[in-house]
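Two complexes, one shared chain (chain A), two partners (chain B, chain C).
This part shows the complex of A and B:
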């Protein structure tokens, strides 16, 4: 029998809260954090809104030794990992070092660090570039720094597949747990709200250029016009069910199923494959569409992409047959960090029996979606589906399953 | 121009800026003959430190000699051989 992978710890870094309680309270209240960019002067850029994390002081969380060598995303990730382990009631140093791995996703690496060093290179010269640029920008650096800080020598890697990566990393962690690793911390924290990161996003053509924070990021709305970028994400402590049971861990849920697909070329005339990813994740979980109590949508807010997602959901579940939500409307899109934060929200939704709302969107009648808007909706949830898509036609879907306390207890 | 002698205080200032201080390490203690390893500085930290010293003093340190400097005293001596005598 394949071992189950349980979520036993959550650490979040969201524009709406840095603690789990603060984030969840804001999410249920529909309290968004999208506002004008403050991390740099964006007034002359076409896009000027972001979901920023405020009130994070790296010096309060990290030793000075780590400050000269870390990008903002890594500082946030290290603090988030600390919170995830604390939430799991685990001190990784107490576990055998090869029993714990770290597998994160990254969208763009440490952009702000890289930007500063490139500026030094071109304005002052090569001798002014930090030696730490050698790794501080790198996609794998969050995995590496978390590994070093906590002495984790189990399977460790990084997945780079844009927003889909947040689920792909967790799926890879589950594979490693199935192969015998007791615990993997997994997820993603991205943060690249800096001029270089901004122009890279602008080139993609998917950013909203509105200035009204309540009308800027509107997935599944007739007025959808792109997304607002945010920073943050989540890290989940994933654990072999037997290991979790033996130590009496509190269990948020099980990573029950996953599938990923890649779309055919857009000029091929063939259909996109998100539906197959959803069906694959359900099949992998051994559940029927009717078992899914809520869907956390990718919510691109690009009309064509919204249509594809709404149609895939309607085809699998039936028209307006499953509640759909996008709490990321409160934070902006967090790239690789988005789906892990949705997984965390899905766990809390199952725990509390409530689906958090989508804010600002007025659902378009063109889509057969039961979008949860305005207020949270009470629902007894046994399975929740999370969808994440990346640039270039990457589709990932993951099912989280509730775990009965009796199953979690040591027998 | 900076002074003609590179001192332990100068080195501590650069170390703090370049690489920070490890938890449990007191740079203000008796560290002159403590290995950089024991002070928590790996090769990259020393590379960044050396790069800042070179920039500040307009000198170029030999990479091999730099690799052989295992303690603050050895690095300070190396830097001073490159500075014009007082």
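This part shows the complex of A and C:
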């Protein structure tokens, strides 16, 4: 029998809240945080809205020596890791030295840090490039910095799978726990709201160019025209069930199943593969479609991608047979960070017996989806499915399972 | 423990794009001749930089079979990955068209993604660094793919027709080892039956030179480029940047045997640990790398004495070569002194995330040919590096089990054990 992987700590960094309580209250209230870009003057660009994190003062969380060597996403990630470990009630330094690892996903590394050094290089010359550039921009930086801050010497890694990466990282963390590592902090925090990041995002062709924050990111709406980028994500403390039980940890849920697929090229004549990813995650969890109480959708808000996702969900669960939601309509898409934040929301949804709503969308009758809009919906949830997709046809699906308090107690 | 017979990941195909050679054959010839491919940088004028040396791959995208549109949308590192994956697929003899696409996956390691593309594109959209608000109307349409290097893996997936799990592993300079460790796990757990896996990087660009100059990580030995990379030598003073890719076909042993495939090696053991110490610095005792080696050997069910050859990280920085020498002694004990150790970075440079996979290619070729590649340019060993580093000349000896290690910015320390399938396990 393989050991179970439990979620025992949550740290979030969302435009709607930096503490779990604040984030969850905003999410249930349907309070969005999408607004005009303030970080730079976006008026000359075709897209001008973002889900920015406001009120984060890095100096309050990090020693001054770390500031010149960290991108914004790394500062957010370090503060989020602190909160996740605090929430788990654990000081990783108290565990045996190789027992805790860190596995994050990254979308675009420290892109703003890279922007500033590229500007120094091309405007002034190579000798003006920061001594920290060699690691501050690269995709592995958050795992490295978190490992140093908390003394984590266990297995560490970094995956890049565009916006599906957050689930792939958590799955890789589960592999390490199955191989005997007691604890892994995993998830992703991304941020690239800077001119260079914005221009790169624009070439992806999926940004909404609307200026009305309530009509900009509308997945599964006939009026869908793309998404609004956001920044943030979540880090989860994942723990071997036996280890968690022995220390009397509070348990949010179990990472019960996962699968990932890749779509063929659009001109190949072959079908997209999201349905197989969902079915694979269910099979890996040992559950039937009817056991899933809610689906946190990827919610691309590109009509073709919405159609593919709605069809896959309808094929697996039946037409409008499972409640579907996309709380990311409140935050914008957080790239690799989006799916870990959805995992955190799924854990809280199971705890409180409530499905948070999708905001702003008027569900299109073209999709056979039971989309939760308006007020949150009460529901006893035993299993929740989270879907994440990335450019290039990446699909990942993960099932989170509720854990009975009696199973979590140390017998 | 009962259960179904465990699946065992084996390498049945290999492709290499490396400095000094177009394919696996030329790569191996360069290594066993002990020749170096390190030269003064030709891609751009390196004279403003402290370190002006690199190992550049002689790579022509069109001659390598890429279409004009593939060339347009892919950064050089992605081009390496696709071309090299095709070589590995052809080498495997496996009929990919006959395989169920959802049972095939792709794992690509890369430390720095599309650095060349990003560097050039930033220069354009900022008009040479003049514009803070960079101009989106000058951006190439595929800039998003440069930003997010999972595009490398999806390109390979499309090229080989894979529809299973696809990802990029980006753990700095251990990416090329970690990608194979990841792919081997997918085979073992049954998430896929065939993996096209390896690593690529093409970092020889002004921004890379500038950032390594700033921390004096690369060698300033500009007057003697061909002998600039000197792992374990007392006169070493930094690494030489390289580029390239190595890709492999991995499958389960049972299916490889059933189809009569040539099996290069089993990925018998892998482990990675973090030093939690410094983003670029190493603790001199090699403790975490030693732990990774210990766990990788344990996973392979091999003893230190079973290792016939160590393919070292051997970057040629002062701290690295001492660090890993200490790690070998700590993990292998007396056997460390009896085992040939060499660094091919002396010949092909350090291609960051790619080199781990390129070194795995060198390792399995050493097993195939029973020849250990040398450490070039090693004339006067550092007294603190007192193992057998196979100086200058390749050595013939029976090579069964190989240990290859890597160490990366971010504190990553990885170890992989490659062995013939009969050797590992029971």
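Definition applied: the second predicted complex is superposed on the first by the 411 of 411 C-alpha atoms of A that agree within 3 Å, B and C clash if a C-alpha of one lies under 4 Å from a C-alpha of the other, contacts with A are read in each partner's own complex, and residues count from 1 in each chain.
Basically, a contact is a pair of C-beta atoms (placed from the backbone, for glycine too) under 8 Å apart; a residue touches a chain by one contact, two chains touch by 3 or more.
Worth saying up front: this structure is predicted, and the values here are computed from it rather than measured.
K.L.:
Applying the document's definition of touch, where does A:3 land relative to chain B and chain C: first, second, both, or neither?
P.N.:
Once the two structures are laid over each other on A, A:3 reaches no partner at all.
K.L.:
Tell me the contact category for A:68 with respect to chain B and chain C: first, second, both or neither.
P.N.:
The first partner, chain B, only.
K.L.:
When both complexes are superposed, which of chain B and chain C contacts more residues belonging to chain A?
P.N.:
Per-residue touch count on chain A favours C.
K.L.:
Quick check for you: in the superposed arrangement, does A:261 touch first (chain B), second (chain C), both or neither?
P.N.:
second
K.L.:
Where does A:158 make contact in the superposed view: on chain B (first), on chain C (second), on both, or on neither?
P.N.:
So A:158 only meets chain C here.
K.L.:
Determine, under the contact definition given at the top, whether A:130 touches first (chain B), second (chain C), both, or neither.
P.N.:
Touch status of A:130: both partners.
K.L.:
Both chain B and chain C contact which residues of chain A?
P.N.:
69, 127, 130-132, 134.
K.L.:
Would you mind writing out the residues of chain C in touch with chain A in their complex?
P.N.:
Residues 48-49, 101-102, 105-106, 110-113, 118-119, 122-123, 125-126, 128-130, 132-136, 139-151, 153-155, 157-158, 161-172, 178, 182, 185, 189, 191, 206-207, 209-215, 217, 271-280, 288, 291, 408-412 of chain C touch chain A in their complex.
K.L.:
Using the touch rule from the top, collect the residues of chain A that touch chain B in their complex.
P.N.:
My answer: residues 63-69, 127-128, 130-132, 134.
K.L.:
Would you mind writing out the residues of chain B in touch with chain A in their complex?
P.N.:
For this pair, the touching residues of chain B are 16-23, 40, 44-45, 47-48, 51, 54-55.
K.L.:
So in the complex, which bits of chain A are touching chain C?
P.N.:
Those in contact with chain C are residues 40-41, 44-46, 69, 98, 101-102, 106-109, 111, 114-115, 117-127, 129-135, 138-141, 143-145, 147-148, 150-162, 165, 168, 172, 175, 192, 195-205, 259-265, 268, 270, 273, 276, 390-394.
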